[in-house]
Every structure is written in structure tokens, then in C-alpha cells.
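You will see two complexes here that share chain A, one where it goes with chain B and one where it goes with chain C.
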Partner chain A sequence: MNRLAEHPLQILDAKDLTAFMDALAAGFDLQVPLVAGDATRFGPYRKDAPCDFSQTPPAHPAKTLLLPNPEVLFRYTKDAGGRITLSEDPLDADLRVALGVRACDVRAFEALDAVFLRRGRVDTAYQARRDSLCILGMGCVAPSPLCFCDRMGSHPFDTHGMDALIIPLTGGWVLEALTERGRKVLETAASLLRAASAEEKRQVAALRTKGRERKSGAPVDFEVLAGTVAASYKDPFWETLATRCLGCGICTFVCPVCSCFTLEDTGKTLSGGRQRAWDSCMFPAFTREASGHNPREGMDRRLKQRFFHKFSYSIENGEPPGCVGCGRCVEKCPAAIDIREIVDFFSAEAPDV
Partner chain B sequence: MSDMNPFVPRPMEIVKVIDEVSSHDILSFFLRPVEGEIVPYLPGQFAALSVFGRGEAPFGYASSPLETGYVRFTIKRTGSLTRELHRLGAGEVIGIRGALGNAFDLERFRGKDLIIVGGGYAFTTLRSLLVYLLAPENRAGVGDISLFYGVRHPGLFLYKAALETWRKRKDLALHLTVDQAADGWHGPVGVVPELVRKVSPSTDNALAVICGPPPMIRFTLPVLETLGVKADDIYISMEMKMKCGLGVCGRCNIGTKFVCSDGPIFTLKTLREVSDDF
Partner chain C sequence: MPQPYNTYLRETLQTLLREKELERWLAFEESSLPLKPRPVFPETSEACDTVVFNGFCVQNLATYLSRYKGRRIGVLVKGCDRRAIAVLVEEKQLAREDLFLLGVPCPGMLNRTQLLTEFPGLDADQIAEEGGHLSLKISGETRTLQREDYLLPACRVCHHRTPEDVDALLDPPPLDAPETEESFATIVSSVGEMPQNDRAALFASEFSRCILCYACRNVCPLCYCDTCFTDSLTPAWMTASPEPGNIFFYHVNRMMHMAGRCVACGSCEWACPEHIQLHLLFGKITADVRDLFAYEAGIDKDAPQPLSHFSEDDPDEQIG
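Right, the complex of A and B next:
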């Protein structure tokens, strides 16, 4: 009897959480938010490594699951005769299960797909990781006061792109399979699950309604925003912002959408690898040419690049917007630059229709 | 091709290296695949060359696809990668990824007069185009060709033998200039935009092609427009710092366009549409 198909909402009691993760880890490469100092970041589940599902969202973006930093793209060796041999590591094709990914990060995966799977040529390493990732997402019962997914076309219980949704209740988790793959993964721990009671179903429905009705601010009209941002190239707004920005790049590293990278060789002439490492459009060296010329030498130019890319270029190129409202950059910016203020500034400038 | 890792280069053997200029910091490398055939390319395209252990950088093809048996890249010693490359000689193996980027819109060149403007070391890409257009099978495809090419001093002209051959051709008007007067130089002294303005080639049926340092481009554009070339008829080969060459790594965009994958050849009209800097 397929209990999950019969009862879509299943309950995992809090006392069984470890057993649940053990069961999943026995069958799959299980990725969970591991405690890393006062942050959490996704990494392989281990019995002795504490994990924490309470951060909304986890301090490190889930893009680490798709874009490891760094990542070896190929290896080279040179023999005594000068012959070069190139080799590639096997692709990550085994099913990986990511537990507790938030809706914002899952939305961000679609923006990454637009970069790595559509534009130019398909990035084979990214594609293998993306295809093999089963997402057991988690609804945000208590969203951070800094996040604003509801303004960016999503909400705290958005299931878009997930294989299953987890909703934490006081006594445990409610689990709902959303795809066949999600159902198969949850069934490996079926003995720990029970059908939700009428009271639990009522609680879930109430949480979902509350989540859907969240209003952290006015919903963003991306078409309008794209237009006003595109028209702002000579607006003094950017120079003023540049006087505050320290150019540290933390916004780009914690951003679940930012995916700019560099390529560099590790090792020596005889053997080594070429790796992809995260880079940042906020660093002047990002665009500095060997001649010394740099088209984005000024901080205002780099800020424009970052925000035009997020809110103008992406929309004009038919890609998802470059911000999902996770609020990480708002929390981490040492100069208190708040992306919500930028969105508001340019949304307010929109001409009345 | 989607099942292939687009970051893996193909090994290429250096067949020959030649010294191009009096300052000895620009060399031409002739390469052939260690295995298999040369990947097809067109004038205006570029490739990423790898020196394993040092990294990778983009260079425009200097050879024309009609030259068979090798591909040629003319490379200036500028940073650590090119310094390492300049130490390599015949028989050594480097990597290539490409052809990358778009190419000159040769279909639109058909039947048109061409005003070709180059400056400094960026002339490499124009060599590829000129050798292609001047080949007997292609020459009738375009009208008059006016070539403007400037460098700082006479020793820095690339492809001196080819320039001598072109000077003798009746179907190409060659205009060379140098920034500084020098012994033995009898041609004009001055910057390229000024020479274009003085010569004022006919623009009635002309397209223009520009490839050179940013200041040369900036000052040549108004000259060409004043002469009557429309923004849609001016082709510019752009340069930006690049890594991936595939429109993915995020550094070479001009507005919504990536120089590496949408370019490197853009019309002035397109650049004006996507950027406030032109």
C-alpha cells in the first residue's frame, strides 16, 4: 500500500528527525544545513556534524549545491616528451537529496539555470548536479524581518521547483511529496511517518494562508523596475551609493543568484587543474585588462553593473530577475546598503500609467 | 555538443614563432592540432589559448580561414600568461578553445566599399579579414577597400611583408600613419582619426570596420559619422576582459550584450542601444 499517495500530508515526529536523516543518508547523498560558526551552510549529512534547520534562510545560499567553490573543470599532466594529457573528473550524477532548502534559494536555481543551461553552451558539470538534485524544500514559518520573497513573486510556502515541501510544526515536521522523485525519496523513510491528523491539517492550512498573505512591502513590478533602472545610467543616485559601498563583495557571495566566476590554473606546468572559483563584479580586478585598462574602474560603474544586471539586463534578456528577496545581502552589508531601498527608489520613480 | 564540457581545450602544437615588431614584444604563433582537424572559424572570431599551469586568455585569429594547415595568433607580451607564452617555441603544446564569438557580417559586406580602420596591436583581427577579402575567390565580392592603420612608430607595424604587398595592389588604398616621426618614414605623421578625416574616403556605398585601442575608436567614430557612414554600417571589434568566452562568467558584458558571445563584433547602432557610453 502506498501510504504517501493515499495521505499527501505525512508527519515526522520531532524525536524521529535523526532517524529520518539516517534513513535518507543510507540511500542517498544527503545534504543538510550544517552548523558553521554562527551560520549554516549545506554540506553532506554526518551523524556527528550538527545541523540546524532554524535559519530562515540559511546564512550561506544553496547555490553551493550547484556551484561548488572552487570546482575543478579538468586536469592536465605533461609527460617528459611534452605530451599533454587532459582528463575530467566523473560528473556528479548520483541522486543527491537536499533537505531544508528555502523557496528563495529554489527560485534562485532558475536564475542560475538561465545562465548555465541556456545561454551559450550547456555547462555539463552544472547540468549533472542540477539534474541529480532532489529538493526537499522547507516552508518559512518565521521569515526573517530582512527577507522579502513575497515582494519578488514568491511566498514563504512557495513549492515551485521543489520535490517535496516540509512545514515545521511544534511537535515535528509535516512532509508533502510534490513529485514522483520526492515521493520515492520520502518512502525510504516511510516507517517513521504517519498520516497527518485533522488538527495537524488545519494547522498546516492556517500556516500556508498566513504565509501566502505575507506582505513585507509592495509587490515589485519587474517590467517597470527594468525600465526605470535602465534609464538611470546617469542618475546621481549611483555616485551617492558609491560613496557608501566598500566594494567588499559580500553581497555577491551570499547572493543565491550571483554566479560570476573566474577560471584559474592550480598547480604547475607539469600537472594541475583548471578550476572555476566564485568571483565578484564588485572587485575592480574583475574587469581589469592585462593592459591596465578597466572599463569598470569606478565604484559607481561596478554598482551599476550589479544592479542593472539584477533588475534590467536579466529582464531584457528574458531571464528571471536577479533577486529573489532572500535578504542575505541586507543582513551582511557592512555599509548598510539595502537592496530593498534600491528597489523602492526605482519603483517609486516609475511614471504613472 | 551538449554532452561535452565546454571548458576543456584542445591541445595544439606550436609549429613556428615569428617576431613581428622592432620592440620584440609581439610574436606570431602558428599552431596546428595535435590530433584532428582545425576547428572552422571566420574573420573576427577569437579563441581562448591555454598555457597549462598559467591559465587562459582570449586572442583574435590573425590568420584567415583560407590559410590552411595552421592557425595564427599574434600576441603581445603584456601579463604573466603572455610572458610564459613568449617563452615557448616550436614543438611545445598549448591549448585552444574556440572558435568563439561572432564574426564579421560578411554577407552584409557583399558589394559594399569598405573603410577599414586599425590601430596598434589590435590589427591582428583585421589581418584575418583582409587576407580573407583579398583572396582571389573573394575579392570581387566587395567594392573598394580603404585601409587606415596607425601605430606609434614605424617599427611597430605588424605584418610588414603583407603591407608591402598590399601597397602595390590597385584594388586597395593603403593609408599608414605613425604617431611619432622617425628616420626613413616618409608617410604621414599623426593619429588615425585625423588621417581618415584628411583622406575622406567616399562613403556613398561604404561600410566601416574599426579595431583598435579605445581612444582611437572613440575619436574615429565621429569622423566616420561626419563623413556619412551610418551607425548601423560601422562595425567595431570590442575588447573586454574575458574568462569563459561563452557568455557565462559575467565580466565582459556591455549592457545586455556579452562581448564574448554576442560579439566581439558589434555595429555602433547596437552599442548605442545597449550602452550609454557610445
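Right, the complex of A and C next:
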């Protein structure tokens, strides 16, 4: 009998968490937030590698699951007779299960979809990875003070795009399947689950309400923001930020939405390959042309590109906004460039706001 | 830092801005994040009203000077900012006479990450820096910490806190905080005495986290090359992906370029999003250059930089 269908809220007691992950890992390629230094980053579950589900959000974005860095596009070998063979790695077809992905990262997947699936061509490797990813998302019971997803059209318990939702309680996890695929995956560990009690259901409801009502600031009107940002190219505001911006890659690399890449050739005469590596519009080399001319030579131009893309071009092009409010760039930028201040500045500038 | 000190600092900046006919100051103001002041570049007297100085003003301001070449700029300098400027002047990147240097005797900078990890949610108004200790107000109670236990690694071993050869020095100093007894040798021996396997494991776990964001290079006052070897395409020394070979190549080469030039300000480690212990690298080259050449970058201004100078007495017999 399908227990999960009968009782949508299932409890996994804290003591069974390892057994639960072992059960999932036995059937699927299980990806969890692994501890590295004081950060967490999604990677394959291993019994001996510590993972931590409490970092909110995980320091590294879940885009690593869809856009490996680097990603091999093709390989070549040359044999003694000088014959060259090209090969591509097989597409990811087996179900991968990502445990503990936050709502902001799932929202960001949609922005990545727009780039890799919907600009008139499909990136097949991306699509294979995306389609085979089962997302067991996690509600945020303790958002970071820098989280502002609630201003960006989402909230800490947004289940949009998830296959199941996990809500951590003190004594364990509450699991709720949201899609058939999510149910199938949870079924593989069904023996470790039990139906939630009335008290647990009450706790869950309270947490959800609290999460939905989180208000870190005024919700952003993206149409308005797109307009004011588009009109701001000469605004001295940008110069103030560019003066202290260091032009590093931190904000791009920690952003779940940023997806620009460069191509690189590796290897030697007899074997090697071409791969895709993350790049950043904050680096001068990103736009430097072969002649040496750089249309975005100044830091102010590069900085504007970053935010014009996020808040103006993406909206104009009918794509999701380029920021989901995870706050990672705010936390990590050495020059204390705070995207919330940018959003506030240009939201306040709108004539009718 | 007590508020009266910031008032004194602001008034000093305002007076000097006018009297010395400066285009602007390079200094710090508070940001939207706790314990993370950001650089500010005030051009007017009113704009100086947000300036602060406290134990979190880590970033080396000399980094920004390349953007103001040939202009009359005032800089608030700690010991290490001053040393970086000395190296930049020596390398003909800046003209000393363009700058007005206001020295601040530095009390040693504090480790924000360490404090926030131990005291989550700590805010600027809950922490008072008083001489050799910090006093924290947490839910009505006062905790007293020894400042030296919370210094950044570079600042623990710094013995050049008060900048020399400045145009004016803030007097009194913001704090009277004693230096530690430690030196770069302390850092080197702590790693050097480890069994080789443990040392290899330490470096692997630190550098495997590097994302090649180059914040450590970009924040460095002495990494000013127009085209860094990392970005060179002909030849392409390395590629962009954060693979072990690239990471190793980047850090080893950057450190080789820094030997005899690094002023050990610790800005690179401070900027690193992964909190990689870069002081293990710059600590080692600083100690080596000192032991081999009795030279400290930005201090021994009259001696030639050891790694860009040929001498018959070179300790390496292949060179000397």
C-alpha cells in the first residue's frame, strides 16, 4: 500500500538520518551539502564525508549540480597513425537525488533553464542533468539575516519546482512528497518513515506560516526596477560602487543565477579535450577582444553589466530576474557591495513608488 | 573604537582636505554588514562625516591608488598600507609627492569570521575595543576577551603597526593595544614541524577549496600587472577551471612574484571567500626573505629589493 499517498507528511527521526541517506544512496546518485572549511557545497554523498544541512543557504549555490566547473564538452585522442578520434561523455540519464536544496536555488534553476534551454536552442547535456535531477528541497527554518527571497517573489518555504519538501524539526525531518518522482524516491526509504503526529503537523503548519510571512523588506516590483535600472546608465550611483569594487569573481561564482562561461582547451598532442569553465563579467578578460580592445574596459562598465543583466535585460527579454535573493554575494563581497542597496536605490527612484 | 575618536578622525580629515588641497581621501566607513567597514573616497568635508576607524578596517587601501595616478590624494594608512605604498613608490607605480599620508597607529586588526562564529549575530554596537581587550555586550551581560586572541593571523605577527615616514600621524593613537611576541617564524615552524603527510593534508584541504575567484590577487596592493599571468593567452600558462593543477600553479606563481614585495597585510586572506589560510604562504616567503636577505618589504626602503637585484654575495651559490 502506498503509505506516502495516505499520509502526506512523513517523519524521519533524527537518529535514522544516516540510514535514510544510505537507503537513497543505494538506489540513486545522492547529492548532499558536504562540509568544506566553513562552507557547504553539493557533492556526492559518502559515509565518511561530513555533510551539514543547517547552513542556510549552503555557501555554494546548487547550480554546481547543473553546471559542473569544468564541464568536458568533448575529448580527442590521436593514435600512432595520426588518426584523431573525438568522443563525448555520455549524458546523465540515471536519476540523481539532491537533498536539502533551498527554494532560492530552485528558483535560480529556472533562470538557468531560460539560458540553456529556451533561447532557441537546447543544451543537451544541461537538459539531461536537469531532467534527471530529483529535488528533495528543504524549507528554511532559520534563514540567514542576509536572505531576501521574500522580496524577490519567493519565500523560505516555497516548494515551487521541488519533488519533495523537507522541514527540519528538533527531533528529525518532516518529509512531504510533491511529485510522483519525489514519492518514488522517498518510498525507497519508507521503512524508516512514519506518519506525522497531530502535534508534529501543528509544528509544521506554524513553521510554514512563519516562513511565508517572513518580510525582510518591501517586495520588489521587477517591471519598475527594470525601467529605472535601464535609465540609469549615466547615474553616478554606479561610479560610487565601481570605485570600491575589486573586480573579482566572488559575486559571480557564488551566485546561483550567474551562468557565463569560457571555453578552454586542455591536454597535449596525443590526447586532450575542450571544456567549459565558469567565467565572470567582472573580469576584464571576459570581453577583451583579440585586437586588445575591450568594450568594457572600466570597472564601472563591468559592474553595470552585472546588474543591468540581472534587473534590466533579463526582464526585457521575458526571462526570470537575475537575482533570487539568496544573499550570498552580499555575504562574500570583500568590498561590501550589497545588491539589496542597489535594489532599494532603484526601487525608490521609481516615479510612483 | 569610541565615538570621540571617530569625531577627532573626521575633523582631522576635514581640516587636511582643505589645508593640503587634497582631491579626496581614501578611508573607511561602515557598510550594511556588521563588523565589515568598506572603503570610502570622500571628496568633500561633509562626505568625511561617515568615516570611521576600528579593528575591522583590514583592507589595504593602497590597492586603490593605481586608479588615481598623478592626483593629489590623501590616504589613511596603517602600518601595512604605508609599507605597500613604499613598495609601489619604489617600483615607480606611484609618486610619493602626489600623496598625503595620514598615519594611524594600528592596534592590529580583528578576525571578523572568528568573532561571528563564536558569537553569532554580533553587531558593531555590541563590541567595544578597549586597549588590549574587547568588551562584548551579549543579552545584557558583558564578556571580556583578550584582543590578541582575536587578531588576524597577519596582525598577530606584525611588528610594524605604526606607519613611518608619513605626512601626519594621528595622535593620540586610537587604542593602546600591545603587540604579541609572535613572528613569521611562529607561522613557519607551526607548519614546518608537522609530519610531511599532515602538512600535505593541510595544504590539500585548504587549497582544494579555492574557486579561482582571484579576490586574493585583486585585493592585493602589489598585484598590479595589467595582464596577470593567469589571464595571459599567449602563452596560456593555465586555464580558468578550479582544478588542482591550476590552483597550485596560480598560488605558487603568485607567491613567487610576491617574494620580497609582500608586505604581509593579510588582505588576501581577509578577502578570500573560502577563508583559505593564505598566511601560510605569504608567511613563509616573508620569513624566508628576511632570513636570507635580512630584508623587509616596505621597511628597508634604501636597500634594493632582493629578488630583483643581483649581488655577488647572494646566499645562493648558483647566483652569487
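In the analysis below, the second predicted complex is superposed on the first by the 342 of 353 C-alpha atoms of A that agree within 3 Å, B and C clash if a C-alpha of one lies under 4 Å from a C-alpha of the other, contacts with A are read in each partner's own complex, and residues count from 1 in each chain.
In this text, contacts are C-beta pairs under 8 Å (C-beta built on N, C-alpha and C of every residue); 3 or more make two chains touch, one makes a residue touch a chain.
Quick caveat: nothing in here was measured; it's all calculated off a predicted structure.
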Kindly say whether there is room for both chain B and chain C on chain A in the superposition, answering fit or clash. fit
Just to be sure I read the superposition right, which of the two partners does A:L169 touch: chain B = first, chain C = second, or both, or neither? neither
Determine how wide the angle is at the CA centre of chain A between the CA centres of chain C and chain B, giving a multiple of 10 degrees. 90
With the two structures laid over each other on chain A, which partner does A:V224 touch: chain B (first), chain C (second), both, or neither? neither
Which partner chains sit in contact with A:F74 here, chain B, chain C, both or neither? Use first/second/both/neither. first
For the overlaid complexes, name the partner, chain B or chain C, with more touching residues on chain A. B
Would you check which partner chain A:Y313 touches, where first means chain B only, second means chain C only, and both and neither mean what they say? first
Given the touch rule stated above, what does A:K268 touch, chain B (first), chain C (second), both, or neither? first
Looking at the overlay, does A:D38 come into contact with chain B only (first), chain C only (second), both, or neither? second
Just chain B (first), just chain C (second), both, or neither: which does A:R244 touch? second
In the superposed arrangement, which partner chain does A:A128 touch: chain B (first), chain C (second), both, or neither? neither
With chain A overlaid, the minimum CA to CA distance between chain B and chain C in angstrom is 5
Contact residues of chain A, present in both the chain B and the chain C interface: 262, 264, 279
Note which residues of chain A are touching chain B in the complex, please. 73-74, 76, 78, 82-84, 86, 88, 115-116, 119-125, 127, 233-234, 259-265, 267-270, 272, 274, 276, 279, 281, 286-291, 293, 295, 305, 308-309, 312-313, 316-317
Touching residues on chain C, where the partner in the complex is chain A: 31-33, 36-41, 59, 63-64, 67, 113, 117, 121, 205-206, 208-209, 211-215, 217-219, 231, 239-243, 270-271, 273-276
Can you tell me which positions in chain A touch chain C when the two form their complex? 36-39, 59, 69-70, 145-146, 243-244, 246-250, 253-254, 262, 264, 266, 275, 277-280, 283-285, 330-332, 334-336, 338, 340-341
Complex contact set, residues of chain B against chain A: 1-9, 11, 34, 50, 52-57, 78-79, 81-82, 91-93, 95, 214, 239-241, 243-244, 246-253, 255-256, 261, 276
